[in-house]
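The structures considered in this document are given below.
Two complexes come next, and they have one chain in common, subunit A, joined by subunit B in the first and subunit C in the second.
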Partner chain A sequence: MSLFEQMGIVYALLGAAIAVLLAGAGSALGVGIAGQAAAGVVSEDPSKFAKVLVLQLLPGTQGLYGLLVGFIALSNIGILSGKPVDVSVQNGLLILAACLPIGIVGLISGRAQGKTAAACIGIVAKKPDQFVKAMLFPAMVETYAILALLISFLAVSGIKL
Partner chain B sequence: MAVLQMQRVSICAMKKNRKAVLERVQALGLMEVGDILEDDAGFAHMDTANARISFEKAAAQADRALELLDSYAPEKKSLFASLEGKTLVDAEVMREAASRKEALQRTATKIQALDKQIAEKKAEIVKLENSIESLVPWMSLDIPMNLAKTKTTAVILGTMPGAVAAEDVYRMLAEAAPDVDKVDVSVVSAGKDQSCMVVCCMGRDAEGVENVLRAHGFARPSQVWPKTPAEVKEDLSAEIAKHTDEMEAARSEIVSLADNRGDLRILADYYRVRADKYQVLGTLPQSERTFFISGYVPTRQVGRLEKALKDYDCVIDVEELKEDEEAPVLLQNNKFASSGEGILESFGLPHKGEIDPTMLMTVFYVFLFGMMLSDAAYGAIMAVACGWALLKFPRMGEGMKKSLQLFFWCGLSTLVWGVLFGGYFGDVVNVVSRTFFGHEVGAPALWFAPLDDPMRLLVYSLAIGVVHLFVGFGIKGYLSLRDKKYMDFLCDTVLWYLLLVGLLLMLIPSSIFASIIQMTIVFPPVLNFLAKAMAIVGAVGILLMSGRANKNFALRIALGAYDLYNISGWLSDVLSYSRLLALGLATGVIAQVINQMASMFGGGVVGAILFAVIFVIGHALNMAINMLGAYVHTNRLQYVEFFGKFYEGGGRAFAPFKENTKYTSIKEEL
Partner chain C sequence: MNELEYTYAVARVRALETSLLTDSTIDQLVNCKTTEQCLQLLEEKGWGAHDADVDAEGMLKREEEKAWEAIMDVAPDLSVFDVLSLQKLYHNLKAAVKAVCTDVRGGNIFYEDAKISGREMMGIVENKEFSRLPGHMANAAREAYETLLQTRDGQLCDIIIDRAALDAIYAAGRQSKDEIIRDYAESTVAIADIKVAVRGAKTGKSQEFMKRAMAPCGSLNINELVRAAQGGTDSVKEYLGTTTYAEGAAALEESPSAFERWCDNRMMETMRPQKYNAFSVGPLVAYLFARQNEIKTVRIILTGKQNGFSDEMIRERVRAMYV
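This part shows the complex of A and B:
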C-alpha cells in the first residue's frame, strides 16, 4: 500500500481545516471592518455601544458555520472520539470537496457582510431608531453563507464512511 | 388586530376655561391636535413662541443641571435601572414642586454656574502650570526677570535656539561687533532645543549687541516677572493651590445640591409639558371670547373625552373622516399580539386601506424564532429571564415591555421546539452522564433529532415557508375581496394559487423529491392530471391576464410573461426558509462543541469544576449569538418574504397631545 493510498484521512482533515480556516478568516475580516466603524461611533457617542456591538457581531456567524462543518467532518472521520475511521482516498476527497462551499462562501460573504455592517453602523450613528432596518442589510448577505452551510453540512453528513 | 378607527373631534370653548380645557386634554392624551379651520377674519392665533421657547430653555437648563449632577455625583444605579421606567409622581407632588419653581430654577442655574466656575479654574490652572513650565530653564537665575538696566549697563535676557555656550556668544559678538568690548555673557541653562542666557553690556552698546544676537536667533522671553524665577514659581504654585481649593469647594457644593435631583426632574418635566401646551396653544384659532381645538381622536375614546370636558361650557363636534383623509395609525391588539407591534412598527405601520397584520405576524414570529433557536434550555432561560423582568419592573417603558413580552413568548416556543428536537444545552445530558457517571443516558427527542435526519427537517422548513408565504399571499387576496376588486382577486391571487399548488402537486411525486425524503409518494392519476391542469390554467391565465390594464395585446402578453417570471421569486422565497434548518443546526452543533470541550478534562472534581466554567461561558456565548441570529433572521423572513407578499406599511403613527415627560410620569386623579 503506497503512501498515496493512505492519504484519505489527510484529505478529510484538510477539508475540515479549510472549512474552519477560510470561514473563520472571512468572519475575522468582517468583524474587523465592522469593528473599526463601531469604534468610530462609540468615540462620538458611547451610549450607542450595545447597538453597534450587535451590528459588529453579525459577520461573526460565518466562522461559526465553518466550525460547525469542521466539527461534523471531524466527528465523521472519528478523530474526535480518538478512533480514526479508515478513510479511502475517494471518501477523503469527497469530504474535502464538501467542505469547500462554506469555506469559500464564508470567506467572501464574511468580508462583504462586514462592509455592509460597517455601512449600517453609519445608519445607527445618524438614525438610532432605524436600528432594526440597519440589522437587516447585513442579514441579507448572510443568507448566502447559510445556503453554503446547508450544502456543506448535508454533503459532509451524507458521506457514509 | 386592528387599526383603530379615528374621528375628527372639534371643541369650541370659552376662553376663560382655556387653561383648564387644554390641561385636561393634555392629561388625557387622547387627541392628536391638527391644524383646524381655514383662516377666518374673526379668529386670531396667539403668539406663544416666546413663552414656549422660554419654557423649553428652562427644561433644557434643568436637564443640563441633572447631567452635571450625574457627572459630579453619580447616582448608584442597579444593573437593571433601564428597565425601571419613569418614576410615578403624584399630581400633588408635581404641583408642589412647580410652586417652588423659581427656587429650583435658581438651583439649576447655580449648578451650571458652579460647573462653569470649575471649568474656568481648570483652564486657569493649566495656564499657570504652563507658566511654571516656561520658567523651569530660568530657575537658576538670581535677578528679577524684568531687570533691563543698571545705572551704566544694560541687561539683555533671552533664549537662543540649540545648545549655546558662553564662548559661542563671545565669538559671535567679536565677529559681528568688534568695537563692543565690555560684555558679560552668562548662560543660565543650555538644552538641546534652546539655551537661556543673560547678556550684560554697557548701556550704549545695548542695541548693537542685541541686533547681533537676534541675527543668531536670539529672542526675549514672552513673559517676564518683576521677581526672580524661583520666587515667581512659588507665587504661581500658591495661586494654583488656591484655584484647586476653590475648584474643590465648587465641586463639593454641586455634590451637596445632589439632593435636588428628584425635584429638578419634576421641574424639567413640568416645563416640558408646559412648552408642549404652549406650542399647541399657538396653533389654536381664538376669537374674542372663545377658542377652538380640533384633532383626531380614536372613535372608542370620544366618549371619555366628552365626559372629561362636560364640566366646562363647550361645544364638542364629532365627525367622520373624509374619504381621502389619511388618518394617523393607532394599533389595538390583544395581549399576545401587541407584543409584536414593535417589530411591525420598525417596518412601518399600515397605511390607509391595509389591515393590521400584527396578530398573524406575531404568531409566525414566535413559531419561527423557536424553530431557529430550538434548544429547550435556552428557551427556558429566555422565558424565565423575560418573565422575571416583566414582573419585577411593571413600570418599564412601553416599547421595552412589548419586546420583553415578545421574547417571553419566543422563549416558550424555543422550549417547545427544543423538547421536540431533543436539544437541552445541545447534548449535555449525554455528555454529563458519559463523563461523570460512566454510562450514557440520552434525552430523547419527542419528534426527531435534526442532526440525524437533516433532509427531513429541510423539507419541513420549506413546507412551513410555503404555508407562511401562502398566508401572506392570502391576505392580499382578502384585501382585494374586501375592496370589491373581484377581477384583481381572480387574476392576481386565484390564478397564482392554481399555478403554485399545481406545481407543488407535480413536484411531490417526482423522483427529485423522492430522493430528498427517501420515500416515494404516488398520487392517483387523477390527482396528477389535476395538478398539471391547475398549473397550466394558472400559467396561461397569468400570461393573459396580468397585463390586463393594457389595451395593446402584444404588450399585455409581454407583461404577463414578465409576471410569470415571478415564479423564480417564489422559488427563492421558499428556499430562504432553509435557514430554519441551518440556524437550528448551528445552535445544536456549537452547543455540542462546547460540551465536548468542557468534558475533555474527564470526570472527578477538577473535571467537574472545569466543566462548569467552560459550560457556563460557552453556552452564554452560544446563546447570545444564536438569539441574535434567530432575531435577525426571523425579522428577515417577516419583512422580506412575508410582508413582501402583501404589506407595504408607511402609515403615520398617532401622536396625541399629551404629557410628554422624560423622567417622571404624572399620576392623575381622574
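This part shows the complex of A and C:
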C-alpha cells in the first residue's frame, strides 16, 4: 500500500482534531470574554455571582459540540477501540469535510457568543430582574452552533467505512 | 488598544452606574428644606467619607476623588483620560500667570489633581521656564505672561490660555482613535465657541477679539459664528438654528441660566450613547462625566439652598442626569 493510500486515516484524524481544536478555541475565547465581564460585576456586587456565572458558561457549549463530533469521528475510524480500520483517501477527506462545520462555526460563534454574553452581563449588573431576557440574547447565537453540530453529526455518522 | 481589553472595566462600570444619582433623587434634593437635609440624603446614598463629619465641600471633594479612584482602578490605559484633564492643566497655568504677574499670592486657586500641580506651575512661571511645559502649552504661557505684564489686561490673558486649551483638546481629539474622545473634543470646543459668541454678542466684543478666542472645529463655521455675534444675540440664535446646536438657540431664548444648563446637558448628550456600548473606553469616559455632572449639580443645589434660592430657581439650573 502506497503512502498516499494510507493518508485516509490521517485526513480523518485531522478532521476530528479540527472539530475539537477550533470549536474548543471558540469556547475558550467566549468564556474568557464573558468571564472578564463577570469578574467586573462580581467585584462590585458579589450577590450577582450565580447569575453572571450562568451567562459566562453559555459560550462553553461549542467546545462540547466539537468534542462530540470529534468523538464520533474517532469512533468511526476505530481509534477508540484500538483497532483502526482501513480508511480510503476519499473517506478520510469526507470525514475531514464533515468535521469542518462545527469546527469553523464553533470558533466564530463561541467568540461572538462570548461578546454577547459580556454585553448581557451588563444588563444583569444594572437590572438583575431582567436576567431571563439577558440570557436569551446569547442563546440566539447558540442556534447557529447547533445547526453546525447537526450537519457535522449527521455527516460523520453517515459515512460508512 | 483592542476594545475587548475594556470588557472587565465596562462591566464594573455598569455595576457602579447603579449608584449614580437619578433625576428623581435630584428632585428629592431640590425639595429638601435645608442644606443639612440634602447632606443627610446624600449620605444615605453613600456620598462622602463615612468616618468624617458631614460638610458640603468635603463631601463633594471626596466624591470627585472617588470618581477618579474608580477609573484608575479599572482602566487598562489611563493615557486616554489625559484629554479630560487638559482644562485643569490650563486653569493652573492661567492661575499661576495671574498670581505671578499681579503678585497676589495665596488662596486655593489651583487644581492639585492636574498633571502639573499648582506649586510646580508657580515655579515654572516665576522662573520663566516655559520650555518645561508640554509643547502645546509653552507658547501660550509665554504669550499670556508677556501680554499680561505689558497690557495688564486680564481678559486678554484669559483668552490666550483658554484658546490654547481648546486647540489642545481639539488636537488631542483628532489624534485619538477612540470615537468618544473625538466626540468629546468636538462638543467641548463647539460649546466653548458658542459661549464666547453669546457673551461677546452681549458685551459688544470686537470681531478680532472673538476670532482670537474661538477655536476652529468641525461642527461650526467660526467665521459665520463671529459674523452672527457681531449682529447681536438674535443673530447668534439664528445661526445656531442652522447647526446641530439648534436647541441652544431655544435655551438662549429662555434665560441665561437655561443656556448654561443646555451647554452641560449637550455634553451629557454626547456621552449618552455609551449607555448601550458594551466594550471600548467609551462607557468609562461617560461614567466619569456622569459623576462630574452629578457633583456639579449637587454643588448647584447646595449653593442654592445655602443662599436661600427658591426651589424653582434651583430647578432651572439643575442638569440632566446620565441614568
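Everything below uses one rule, namely that the second predicted complex is superposed on the first by the 161 of 161 C-alpha atoms of A that agree within 3 Å, B and C clash if a C-alpha of one lies under 4 Å from a C-alpha of the other, contacts with A are read in each partner's own complex, and residues count from 1 in each chain.
Here, a residue touches a chain if its C-beta (ideal position, glycine included) is under 8 Å from a C-beta of that chain, and two chains touch if they have at least 3 such contacts.
Note that the structure is predicted; figures quoted are calculated from it, not measured.
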Simultaneous placement of subunit C and subunit B on subunit A, clash or fit: fit
Between subunit B and subunit C, more extensive residue contact with subunit A: B
Which of subunit B and subunit C A:Leu3 touches, first, second, both or neither: neither
Vertex subunit A, arms to subunit B and subunit C (CA centres, degrees, nearest 10): 50
Subunit B versus subunit C as contact partner of A:Asp45, first or second or both or neither: second
First (subunit B), second (subunit C), both or neither touched by A:Leu64: first
Which of subunit B and subunit C A:Ala125 touches, first, second, both or neither: second
Which superposed partner A:Lys115 touches (first subunit B, second subunit C, both, neither): second
Touched partner set for A:Gln36, first subunit B, second subunit C, both or neither: second
Minimum Cα separation, subunit C to subunit B, after superposition on A (Å): 6
Subunit C-contacting residues of subunit A that also contact subunit B: none
Interface residues, subunit A side, partner subunit B - complex: 54, 57-58, 60-61, 64-65, 67-68, 71-72, 80, 131-133, 135-136, 138-140, 142-143, 146-147, 149-150, 153-154, 157
Subunit C-touching residues of subunit A, taken from the complex the two chains share: 33, 36-41, 43-45, 48, 115, 118-119, 121-122, 125-126
Partner subunit A, residues of subunit C touching it in the complex: 4, 7-18, 74, 278-279
Of subunit B, residues touching subunit A in the complex: 343, 346-347, 451, 454-455, 458, 575-576, 578-579, 581-583, 585-586, 589-590, 592-593, 596, 625, 628-629, 632-633, 635-636, 639-640
